Amino acid sequence: MTVTTEVVLAAEGLTKHFPVRKRGRELLSRTNHVVHAVDDVDLVLRRGWVTALVGESGSGKSTVARLLAQLYPRTSGDIRLHGESAAVSTARGGRRFREYSRKVQMIFQDPFASLNPVHTVRYHLTRALRIHGRAGKGKQELHSALAELLGRVQLTPAESYLDKYPHELSGGQRQRVAIARALAADPEALLADEPVSMLDVSIRLGVLNLLRNLKERLNLAILYITHDIASARYFADDTLVMYAGRMVEGGDSETVTQHPAHPYTRLLVDSAPDPDRITGSAQGLVQEEGVGEPPSLITPPDGCRFHPRCPFVMDKCRTALPPRFDVGDTETHWAACWLFEEAKA
Amino acid sequence: MSYFLRRLAFYVFTAWAALTINFFIPRLIPGDPVSALVNGMRGQIDPAQIQSLTVLFGLDKKQSMWEQYTSYLAQLARGDLGISFGNFPLPVSEVLTQALPWTLLLIGVTTVLSFLLGTLLGVFAGWWRGSWIDGLLPATTFLSSIPYFWLGLIAVALFTGVGSFLPASGGYEPGLVPGWSGEFIDSALRHSLLPAATIIVASVGGWLLAMRNMMVTVTAEDYITVAHAKGLSERRVMMNYAARNALLPSVSGFGMALGLVVGGTFLVEYVFSYPGIGLQMLDAIAKHDYPLIQGIFLVVTLAVLAANFLADLAYMALDPRTRKEG
Amino acid sequence: MAITGVGITTPNVAPADPAQTATRRRHGLHRLLVNGKVTSGLVMLGVLTLIAVFGQALAPFDPSKRSSDILQSPSLKHWFGTTHIGQDIFSQVLVGTRSVMFVGFTAGLVATIIGVVIGVTSGYLSGSAAEGLSAISNVFIVIPALPLIIIITNVVPNSGDWTIALVIGFTSWAWGARLLRAQTLSLRRRDFVEAARATGESTWRIIGFEILPNLTAIIASSFIGTVMFAVATEIALAFVGISGISEWNWGEILFWAQGQQALPQGAWWWFVPVGLCIALLGTALSLVNFGIDEFVNPRLRASGQSTVKASDGSRVRMKVGFTPVLADPSRSKEIGI
Amino acid sequence: GTETPSKPGATGVLNIGMPDGATMPANNNPFLDTSFAKHLGYAWLIWEPLALQNETKPADEPKPWLATKWKWSADYSSVVLTVRENVKWSDGSAMTADDVAYSFQIMKDHKGVNYYALPLKDVKVAGQDVTVSFEGSQYVNRTKVLSTQVINKKQWSAFSDPAKDVVDKPIGTGPYTIKSVTPSTVTLSVRSDYWQTAPKVAEIRCTTYSGNDTQLTALTSGATDWTYAFMANAKTTFVAKDPAHFKLWFPPALSADGLWINTTKAPFDNAHLRRAMSMVINRDDIFNQAMAGYFKPKVGNITGIPTPAGDAFLAPEYKGKSSESDLATAKKELTDNGFTFDGTTLKDPTGKPVTITLTDPADWNDYQTALTIIKENLATIGITAKIDKANQDAWFDAIAKGNFDAALHWSNGGATPYDMYENIMNGAQLQPIGTTANGNYGRFNSPEATQALKDYANATDDTARTAAMHKIQKIMVEQMPMIATSAGNLGAEYSTAKWTGWPDESNPYAAIQPTRWGMLDVVMHLTPAS
Amino acid sequence: MKTDPVLEIKGLSVDYGLGNQAVRAVRDVSLTLNRGEVLGLAGESGSGKSTLAYGLTRLLPPPGVVSAGKVIYYPPGGEPVDVLSLTPAGLREFRWAETSIVFQGAMNSLNPVYKVSTQLIDVLEAHQPGMSRQARTARARELLKMVGISEDRLDAYPHQLSGGMRQRVMIGMALALEPKIVIMDEPTTALDVVMQRQILRQLVDLRKRFDFSVLFITHDLSLLVEFSDRIAIMYGGRIVEQAPASVLYRDSLHPYSDGLLHSFPALRGPRRDLVGIPGSPPDLRSMPSGCSFHPRCPKAFDPCSVDVPVLGTPADLQGPARKVACWLHPIRNSAD
């Protein structure tokens, strides 16, 4: 399968370390502790293409999204919009940041927190339109722009939603308002951070369907962050897997979910609840692999970060960081694991 | 810069800024100590004295404000607070040593007491929301809206007088020598009853309200329900789970209140002529006694800072979450 | 790669009835008003405001006018009695209301505005400007406010109500600023603020339109707190005789009462009405404050009835941890396992 | 401990109280007004003066005390004091002429202790005689010179700075020594080796009370026998509580409180207007309502000289002449001199309505009450008065710089009316508006008055002096630069329950105020009530 | 399958608010929990699952009230107890010792100011006052080990633990007194799948050891199907279907259960069509007449909008322990 579509947003060597405060005893020591939230991440988003990002909780998925939206200053690495470095000097305001935000919009993980409780839907959307100069002239044009926007996320008729406050909306409706706000900028890339995590299955389905439609109609480049690997399989073209701040595997979704290569991805896929496994009396739960805690991101393990939990651990894994190796089953499938050193050759 | 260094820098900066302001403000008052003294006596002092007093206070040497400021800082650095004009020729430090214990004892103790009492009542009011104890709220609000001094005056009028057990004013029976004698302590205690009661009555409401609202908020937290689910005794849930958490915001408020002991309640000292810092301060302001004003402000500033620091520490001790954050 | 295999039927969300939302909102405001505490607080404030505006006209006597009724206790002619030179205390209270209310509310306004500007800015921005602002407010917290006010009112000649109000306002904003700063610090990391940023909002708009509205409750209560503080301060100042503030205010009345040793003389009427008025104003303000708290914080909202008739016939209070079981005829029939 | 004061005479304790603040730092320095000794007056019981002037009768000769006699030079620029023999210091040593000389010398050497800023020139000792010479005539300062307290040379010459020493172990010639000191009370006990008959009071306890209220409580409860404090409505709050024993006596001193008028401001530069104002001001109301009916005696004489203290100085034509007059006379004085009435409004000769701002510190409520009264009085002659409650410091500054219309203010006082008049109208004190003045705040410019004052101070014979004094009074009456309303006082509240022998109207042997030197004489006169 | 019930809920109704403001969140629910089984409770968000769990333990905060019904607990070998008529003291004794509960937000279930050990020991102190200090500490240590947390975390404060660890501490605490019933309200929603599986695995192990029954609440059907013995589906405050897990998964009877099962994408196997459920959940204040699901039901017909279907074993089916409330499957006249 060849990827021909145009790259909208690309990240190279994206790294984010959060400083942590010292504890009493460490006051006098020199070492500065940081959380290695994201380390050396490469990623591309293409027009009309959905890229899924999965991984365990705390592996840095949201941080990647926020870095791409330039809400956090980067520790290092580069972000390219249409091939041009788009880094703004500070993460705060400024004209360049606004220009950037028009092209790259983000949907936040938590729909309950990302809408201001004191403002109506109308306010949220009007602002988004105004900022990006799409509010048109006069009341009439503004109203039709709003209606169009809400129509896109299937909140119709617009009148019954415009004057509601976030708390008057259901989770799914809020999520869609957040999406509508992101779309108001008419972006080229959309960073959707777990847009369905809090919804129950029936509502979840509606939101995913909406995003898929948008992708097809508007040719959006979408980053879809999720815990739910099954939905990545159904919804995304590409899937990337993160573990402890690093990308460990990538490739087209069907392959990654059906034939996971990296031991962590395998663990992830195996752990996902599966009603088709032997049902009842919890038989399927009794497995022994992949036990242990996620690693500390303040002092991450040397070498491959998964090695303390890896059932296939080799000596090399403990010291050397694995680069990307092609897995070999499809063109785009790769894994950062020494197990595939051979396959590459 | 580490957290503690930053904190320290903050304290030093605040102290310096406050001291500087405290230095300049009193000097902006028109008039000078001598005329204030003469003026205050309204003809009871011979005007020929102006000259002798001016010499006495060292005000005949014309110094620029800046020179005064630098010599003030130098003096402070030596721990010398200067000589009080109003109590000439006593050093400020001596005046403070005399007044401070009274303030600390009376107002400090009552502030602590009213905090404890108000907080405890607040715990009950918040826990049994809607019960009779919660019904006390309007009454305590009413009481806490009354100015201290008014309450104090009324108390004096109602409860003191010839033959009353409660003295109307002062810190102890005139004529007694302050010391650890039983008679003195008895007298000091008796003199402190009324002002103490006034402060407590007027300030307990604030604590009660704050604690009650926090209790109500905390009661809705999941861990309280869990505590109930665990089948713990009611007292334990109320005290160890609800109150213990609800207390946290009050702690920093308490720190501030302790620091404001002097600045906030000096009117009580005024009304009861309680021989503390507050009374001295009013007197010093009236007499343009710069050295004493500065000395008192210094004490207040340090007290607030110290109280803040203690509150920080207490907060850290009480809330393990802050320990990580530093 | 094809997605076509997945047939998704979009759930068809039934639009909520807009009329219903509107009633609910009205209901919210309504709740603020029907709240007994707030209503009584507002009524009391209203009466005091009317007195502040019309006190001069309502006063039966000129408050400064001497008369031959010297030091008389309350009577039909002089509701609150008279002073040592026969002035009518009731008129003094009426006329004095204006200054108290004016100083209280002006100072409250000034302090709140400064507090909001400094607190929110230093909370939202980072860097040396914010550090500087927060250091300033810390210094203002440390400086003993009341003595400072005494001194400043001494400095400013001919201090009128305006001066007093401004001085109180300028010296008492720090508490509010500190509270607001702490709250802003927690708000600025909230997702909706980040989201506004991601949308491309400018900094001042974020502060003004995203953060400020969420601080309403704190701002309101700090405003009310400052008003109470300012009133108490003005009265205390007048009482200590620090400054001739205005022709008449409540503190002035107390000052005269104290200077004339009203209480030792048994002239309680010289003291008591004013004290009650101050307490009334304070109570009114805190009642309104209560209401704002309960309005904004759903957890404090009184849930109507607080006791229920339980299955065993007794009345029990609704409280966390012990859900009451209602007296239910169908239940009691079946009782007995 | 404290004895129950309700057993009169039993313990021989006299309790003096002063409402000067709750506590006071232990300080016995007699030169410092900030000291305990000065605040509570007991400085006079330890360090005695050379002579005792009865301040209620300033024209009388002083009573010899540590000086047996004194002789002024004709121009009053020097005095020869004869020092009493057989006076013992409380440390047992004898007082000498050297000690007396040193008491003057120290004032010359240390400006800070030169209380009255006496222009000392030279001090000489010859046997028991001490000659003190001054720059210029000290006629008007005679009492000040003779009230000089004698200090122990040995003790005082050891102090590095006499103004800054708290003198914790005083050595004096007086009848009492310090027994104990607490922050609020000083207890004195009588000496056995006093140079004359020792007083009957065995012990004196001087206590400072926090304020007037508490002083009143102490007084009525018997904890205080003698005080000087203002009490609103003293008749009911104090005297009525025990009319047999609770007394007060507030004789006037030779100084006057009154309405000072800025004589540079039109139309108040017009003497007729000032005179008319004086005619309508109701001094009885001021006395009864503002001064609680006793505190500052009314000044009824048109010259502003308080009576009876100043009786001896009054010009014959003004004896018994009251300041107040009927309204018609006041109005006539105005209309005769160019003023007109427009309805009830008074218009000055240029046709402008007459308005005046009366200024006094907000917290002085006796003055404020008086201003309210004056305001109403002035309204009767069509003057619109406005009361400005000033800040004390600002007010003091405004008075000194002449930035006021009219204000209640006191005058200086002394042994003759000279001090008072000098303060009101001496041209030597005249300063332009805006410059700080130390007297003549009303900027009264009368070379005639200035000359008369000078004549009085420097006259070498009584005739010239009397003539000058009468002339000054005439100017005062005709020009009325200041409208006197009340006299300064030298009074006290006291109780006869334990001690009798107090001075009063019928026997005014001394001023009764416990902080003035007269208190020494009073203590000498006290006997236990039977 | 006539079994041994440990908890029987009969006609339980729970309201929020009183009088005419009351919102009935749980309506006339009857449910039996058998000894040693895992009973899954699923349903849309807002269908009343948590309300049911808190209502039956009487832990519902105001304004919640239990308005009708009975909850009967059968102690092993003892007399049955009506939980709803216990006195506060009796309730306190009953709680945790017989029924423990792990709340939806385990993140907030621990008191932030006390160490984990203190909170574990708390329970022991309250219910087993005779126990010595050392014994308590030892037990606390044992409990932590049981849920796979190393002993040295005993002195940790809640904020020092990750979400998964906190959840496990709560599970450990729930088992401290070896109760007969453990109620778990979405214990794993906030966790990633790896962690979720780990916790559930431990729970399964522990259940084997201690033989308690679990009422497991979640909206994640795929998890339930895999993990529980029986599943009850809730909709609009009622139980609409109840069946053994595998049976329900393969052959659900209620259209709502069917809709749920066709809404989640499967990770393995062939791609299926995801149908979803049209419409939105009912408003508790104005419930549709008849079957509350009928406005969204693709198979609704006449009786649905008129009468409320009763939960019971359908006449057209012989399967054991299957119950459904749907007019498509009229119940046998003598249910159970």
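Note that the chains are named A, B, C, D and E in the order they appear, and that numbering of residues resets to 1 at the start of each chain.
In this text, a residue touches a chain if its C-beta (ideal position, glycine included) is under 8 Å from a C-beta of that chain, and two chains touch if they have at least 3 such contacts.
Each chain and its UniProt protein: A, E = Dipeptide/oligopeptide/nickel ABC transporter ATP-binding protein; B, C = Peptide ABC transporter permease.
Computed from a prediction, not measured in an experiment: that's the story for all the values here.
Trainee: Moving step by step between touching chains, how few steps can get you from chain A to chain C?
Mentor: Contact-graph shortest path, chain A to chain C, evaluates to 1.
Trainee: List every chain that touches both chain B and chain D.
Mentor: C
Trainee: How many angstrom lie between the centres of chain A and chain B, each centre taken as the mean Cα position?
Mentor: 55
Trainee: Which whole number of Å gives the spacing of the CA centres of chain A and chain E?
Mentor: Chain A and chain E have C-alpha centres separated by 32 Å.
Trainee: Taking the mean of the C-alpha atoms as each chain's centre, how many Å separate chain A from chain D?
Mentor: 90
Trainee: Two-or-more-chain contact residues of chain B, please, as numbers and ranges.
Mentor: Residues 29-30, 156, 220, 225, 227-229, 324 of chain B touch two or more partner chains.
Trainee: Would you give the residues of chain A that are in contact with at least 2 other chains, written as numbers and ranges?
Mentor: Where chain A meets two or more other chains at a single residue, that happens at 202-203, 205-206, 234-235.
Trainee: By the touch rule stated above, which residues of chain C touch at least two different other chains?
Mentor: In chain C, 6, 8, 10-11, 13, 154, 157, 240, 263-264, 306, 319-322 touch at least two other chains.
Trainee: With touch defined as at the start, can you tell me which chain A residues reach chain C in the complex?
Mentor: Chain A residues touching chain C: 1, 66, 69, 71, 92-93, 97-98, 101-102, 105-106, 108-110, 113-119, 127-128, 131-132, 154-157, 159-161, 163-164, 168, 172-173, 178, 181, 184-185, 202-203, 205-206, 208-210, 212, 234-235, 237, 252-254.
Trainee: Please give the residue numbers of chain B that touch chain C in the complex, ascending.
Mentor: These residues of chain B touch chain C: 10, 13-15, 17-18, 21-22, 25-26, 28-30, 128-131, 138, 141-147, 149-151, 153-154, 156-157, 209, 213, 216-217, 219-220, 224-225, 227-229, 237, 256, 259-260, 262-264, 266-267, 270, 281-282, 285, 293, 296-297, 300-301, 304-305.
Trainee: What residues on chain B touch chain E, complex-wise?
Mentor: 220-223, 225-234, 236, 240-241, 244-245, 248, 318-321, 324
Trainee: Enumerate the contact residues on chain E facing chain C in the complex.
Mentor: 10-11, 15, 17-19, 21, 54-55, 58-70, 72, 80-82, 84-85, 88, 91, 265, 271, 273-280
Trainee: For the complex, which residues does chain E have touching chain A?
Mentor: Chain E reaches chain A through residues 38, 44-45, 162-165, 190-198, 200-201, 204, 219-223, 225-229, 244-246, 249, 259-260, 263-269, 271, 274, 276-277, 280-281.
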